[in-house]
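Across the two complexes that follow, subunit A remains constant while its partner is subunit B and subsequently subunit C.
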Partner chain A sequence: MLLAAGPFIPQWAIFIITIAFAKGLVALGLMLLLRAGLISFGQALYYCLGAYAAGALGRFMGISDVLAQMLAGALVAGFAAFILGFLLAKYRGIFFGLLSLALSMILYGLLVKNEALGSTDGFNILPSTLFGVRPGPEWVRYAVLASAAIVSLLLALAVHRYLATPLGRLAPAIKDNEIRVEYMGASARRAVHVKYVIAAVLAGVGGALAATTVGHIDPEMAFWTTSGEFIFITILAGTGSVVAPFAGALIYGVIHTTAYDLSPNTWQMSLGLALLLIIVFLPEGLWSMFRRRYARHP
Partner chain B sequence: MPAILDARGLCKTFGAVTAANEVSAAIERDSVVGLIGTNGAGKTTFINMITGYIKPDRGSIAYEGRDITALPPRDITRLGICRSFQIPQLYRSLSVFDNMMVGLGIVLRNAGVAGFFSLRDGPVPGYGKSAPEVAEHLLERFGLADYRNRDAQVLPGGARKLLDIALTMVAKPRILLLDEPTSGVSAEEKFGIMQMVLEAVRAEGATVLFVEHDMEIVSRFAQRVLAFYDGRIIADAAPQAALGDPEVQRYVAGTRA
Partner chain C sequence: MNQLLSVGVDGLIYSAWLFTAALGLTLIYGVMKIVNVTHGSFYALGAYAAASLTGAWLARGYPPMLSYLVLFAAALVVAVLVAPLIERGILRFMYAKDEVVILLITYALFLILEDVIKLVWGVNPYFIAEPYALLGSFTVGGLAYPTYNLLLIALALVSGLGLTWFLRGTRVGKLLLAVIHDPEISRAMGINVNRYYLVTFTFGSLLAALAGAFMAPTVSVVPGLGVEIIVLSFAVVVIGGLGSLPGAALGALIVGLVRSISVHYMPEVELFVIYFVMAMVLAFRPRGLFSLAEPRKI
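Then we have the complex of A and B:
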């Protein structure tokens, strides 16, 4: 539907929707962790790694294919998370959150110091191509949006399937009672490690997508406020469904843009107010509105 | 008859406290063994050493001739030695049915019959039925069918205990260690619960070790009693003989026996 409507969507809306897919992917990963009771305050680490992986592909190898960029983002972020996961999977609660925050700020620090990668200014991304074809200027954004939609759909389906596997179903059990999980023959640490890597892969794809959509990357993508944005989206959306993070990201994008238009100096206040209302009235996120409706008619 | 579980010379100290001092016991297949002793006598330490939660300082534990002393709890569970808890360890935000399904999911995954690419989950090993069927079957056996859709955190005490024990059964244990199965349960319910648990467990064919403070329950349900005192086993005999032992009367049973 979105693909068919694509050519008729105004360019600025295409931009908002594509970015919503990028951030929705990151929030989808955070949702996986949140279901197991873990909040990462540093998911921007993998978002930024994905973006720089995509950027480096163009800068050093001249590759600007959107799908190749997303694949590179996934691989680099996934590999980093696999390594760091050995450390992080041991921690829970506030320790997990702050350690992930610290790691993302280390990347921020490294990028700021790195002249080859443009330091604080970052660098521009080559214009996107798809399967070796460079679409005309009016079609580029549409091509990126279409790739984003298809890749997001496939990843969301994969996560949906994962949630139905024994390992996926373990999430609330880990949150509730890790001792019992161990005594029933599963390793909670390993399950957390797997979820952490999946979340990073999703964030890496999201970062690569954002990079190619915006056309520019800088260390700000690893800054803690970026991580905060992702948590905002995840809480706004709720953990009820794999569709929720994307809906949440889109709503976030719309609120953000509108608030910025109406009042450029106090848009943060509007966002804060929105989050406050969600937490007070819909503590399980926007998605819980749908679930409640279904729950009444089982 | 060869022992299914053979503990030899187990020693464990926590600082100045001796929790196990040369504890040895061979458990026969299909027997029901009661562990008695005052608090701190070493019963739970014994269970914790068998299930891998605590490593003994010295001594060894063999299960069907295989040394399991160094294994972590999850590997010991996979071998078929499962335990319940004095304080029920449930997934409190999940329904009773989902509690069972989480456990069954782990069993299916460990057996390699459920995963990302399997279109349909295989049968549960040992039961030959699908996971939901096994869950219903066990809930029925443990009298929990009426609580099926309730969250674990709102269950009454007796049902919490039963669910805790029912959860151990998903892996079709060969040896089941029950840590005070009737503690926190009202006096009227105790016998009924113990009866139901042992019937359900024996029907699935497991050897049972249970920790118990109520000597009436012990004498009625145990075939053999291990009495613990100060980290040692001071009596190992049939219930009547063990409970009549002067040392046991003095240190464990008090005036009640």
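Then we have the complex of A and C:
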């Protein structure tokens, strides 16, 4: 539906929707972790890694294919998470959050001082291509949006399937009582490790997508405020469904744009208020409003 | 030799400032088990209030020597006006929630306060250099340092030792230790736990505001101060152990020295090393260098 309507959507809206897909992917990964009761304050690490992997592909190898960029982002982020996961899978609660925060700030610290990668300014990304074809200027954004939509759909379906597997179903159990999970014969540590890698892959794809959409990357993508943004989207959306993070990211994009438009100096305040209200009144996220309605009218 | 000396002095000055900033964070965590992101806002509020009040004080031609008292008063005003509002108005309804959820709530408040600051003070930088230059300078190993830095060190020593004495040596302090160990039993014993929470939160915020106020003369006061300081303070308290006073001192010393060593010898790793140390400490002693054994609660 979105693909068919694509040519008629104004360019600025295409931009917002594509970014929403990118951030939705990151939030989808955070949702997996949140279902296990883990909040990562450093998901920007993988978002930024994905973006820089996509950027490096163009800068050093001259490849700017959207799908190749997303693949590169996924591989780099997934590999990093696989290694770091051995360490992080042991941690729970506040310590998981703080350690992931430290790791993302390490990347930030490295990138800020790296001349070859443009230090604080970052660098520009080559115009996107798709299967070796460079679409005309008015079609570039549409092409990126279409690939974003298809990749997000496939990944969301994969995550949906994963949630139904025994490993996926362990998440709420780990949140509730980890010792019982161990007594059941399952390894909570392994389950968390797997989730962590999946979340990182999703964030890597999201980062690559954001990089090619914006056309520019900088170390700010690894700063803790970026992670805060993703957590905001995840909390906003709730953990009810794989569609929720994308809806959350779109709502976030719309709140952000409108608030910024109305008063550039108070958009953070609107976000803060929204976050506060959701935590207090809708702890399960916006998605839970739908579920409650279904429950009332079966 | 001279360079080593200046590394030490630089590190010490930076540590003193970090310690004052992080002390309140560790106190609030120790007593209330809140990882308080709002701490960064109080730092920024303190800096802004100090800039305005001292600016007004000097503009009217009042004795500049007393401007140090004005810095102190600015921090006091901010903490006493804003901290109780936040604790009584919002946080006290949240104590039953999960540690990580309370962190998110303070993050939401942080976003709101960031924009409150912009609304009140605008986005232009403020400068108040007079108190910095006023005291002259002293020389260590051939390098001149503004004497104002001694004031920062004194502030750190007074707040650290004062708080230690308060906790160990006074009746109220000992009652507070009881609240730290077990709020429920303390409540049963007739201690007004809510009042202790209020006072702790206000006092912790006062420390942040003081660090901000006394830092204001040495930097330009711009939006985004709080964003920087809060993750540095996290690094400090995590290295020392969340909730530990000697830990915060050790953490501040480590971060301060590590930073000044890297600034002098390898400036490109300045930010990286700080968070690298934080990650290493979390990896090997997750509860920090000064941690006590804690029974696992199921």
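In this text, the second predicted complex is superposed on the first by the 296 of 298 C-alpha atoms of A that agree within 3 Å, B and C clash if a C-alpha of one lies under 4 Å from a C-alpha of the other, contacts with A are read in each partner's own complex, and residues count from 1 in each chain.
As a working rule, contacts are C-beta pairs under 8 Å (C-beta built on N, C-alpha and C of every residue); 3 or more make two chains touch, one makes a residue touch a chain.
Just so you know, these numbers come straight off a predicted model, no measurement behind them.
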If subunit A is used to align the two complexes, do subunit B and subunit C fit next to each other or clash?
fit
Does subunit B (first) or subunit C (second) touch A:E182, or do both, or does neither?
first
In the superposed arrangement, which partner chain does A:M105 touch: subunit B (first), subunit C (second), both, or neither?
second
In the superposed arrangement, which partner chain does A:G97 touch: subunit B (first), subunit C (second), both, or neither?
second
If we overlay the two complexes on their shared chain A, which of subunit B and subunit C does A:A173 touch? Say first, second, both or neither.
first
Looking at the overlay, does A:L87 come into contact with subunit B only (first), subunit C only (second), both, or neither?
second
Could you grab the smallest C-alpha gap between subunit B and subunit C in the overlay, to the nearest Å?
9
For subunit A, which residues lie in the overlap of the subunit B contacts and the subunit C contacts?
177, 179
Would you mind writing out the residues of subunit A in touch with subunit B in their complex?
161-162, 165-167, 169-170, 172-173, 175-177, 179-187
Complex interface listing, subunit A residues touching subunit C:
39, 87, 91, 93-95, 97-99, 101-103, 105-106, 108-110, 112-114, 177, 179, 224-225, 228, 231, 235, 265-269, 271-273, 275-276, 279-280, 283
Which bits of subunit C are touching subunit A when the two form their complex?
35, 90, 93, 99-101, 103-105, 107-112, 114-116, 118-119, 123, 227, 231, 234-235, 238, 242, 267-276, 278-279, 282-283, 286-287, 298
List of subunit B residues in touch with subunit A within their complex
51, 72-75, 77-78, 82-83, 89-94, 101-103, 105-110, 114-116, 167, 170-171
